[in-house]
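Labels run A, B and C following the written order; every chain starts at residue 1.
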């Protein structure tokens, strides 16, 4: 199996709703993002897919999140915009754009330094 | 599947016993630690578990190792305090403290720069 | 399951042949390399294998690539020296040198910053 992984990033604010209905204060994070895709064999170029193509697909997905309040985002706001849910959102938007035969393995989103959340669509 | 990962660190000395009975010189390492936990779904907060709670659990486990000679540790000393065994020790202490439904996936311990050992309890 | 991981690096030039027969310009990369090996139990030293031994095995494999034009390499040149193929090449050379009971899990090769390719021989 082969994998390729690219990095992206965006800055955005959010506030999690606590189970008792209260909310955290609105606060900003710099969200580093890593996307990992897989293929069982390489293509005519010897690659899973072009790194820069994958990075552009990721950028298309995260650009609309940049400098937003994620609580006001139409899809992320209603479901609590945790790092876990941001990772799943990016995965859901990215997977259908991948070339045939290339499978999304993992999306990892960093929140504070030393804190990362991943969504693994296949597991 | 969702995962969250947090980082911790401690400094400690150790010396490995070689198979012929001799020991390495006692030497210090800065041990970075990464813990990864998994859950199939997010909780009422939209998270696997709170990052800071997981970081606190990790700190509770590694604080007693900090600035110790691991060869004099009651559990690690007798089994040779390799990075592999330190990772398994942290896993064994941490797993029972995780909330229900959250599973320990991996503990990674760095030793020298560019050298890491992991313990994966489920594999 | 236990894993150990070590880092290496080399600098080399390459140019990928495009499907239409044209080639990218020759360009240099600094290629960071990560090797991950696994064993179900630790040995008499409490380790999967000695970190420095694994790092030396990796260095033996990548030293012949250092400062080369990978397109002129006898094995990599004919198959397009993509990061994916470089990772598979390193895996193929390294796996037979591992001690008994230690299995190669993954070789990851970085290309540009934020772009990594892995080969996982077992998947």
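Methods note: a contact is a pair of C-beta atoms (placed from the backbone, for glycine too) under 8 Å apart; a residue touches a chain by one contact, two chains touch by 3 or more.
Just so it is clear, the model here is predicted, and its values are computed rather than measured.
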**Message:** Can you check whether chain A and chain C touch via the same residue numbers (shared by over half) or via different ones?
**Reply:** different
**Asked** On Cα atoms, by how many degrees is chain A rotated relative to chain B, nearest 5?
**Response** 120
**Asked** Could you state the distance in Å from the CA-based centre of chain A to that of chain C?
**Response** 27
**Asked** On chain C, where are the residues touching two or more other chains?
**Response** none
**Asked** Any idea which chain B residues touch chain A in the complex?
**Response** 1-8, 42, 44-48, 51, 55
**Asked** Okay, in this complex, where on chain B does chain C touch?
**Response** 16-19, 79-85, 87-88, 111-120, 123
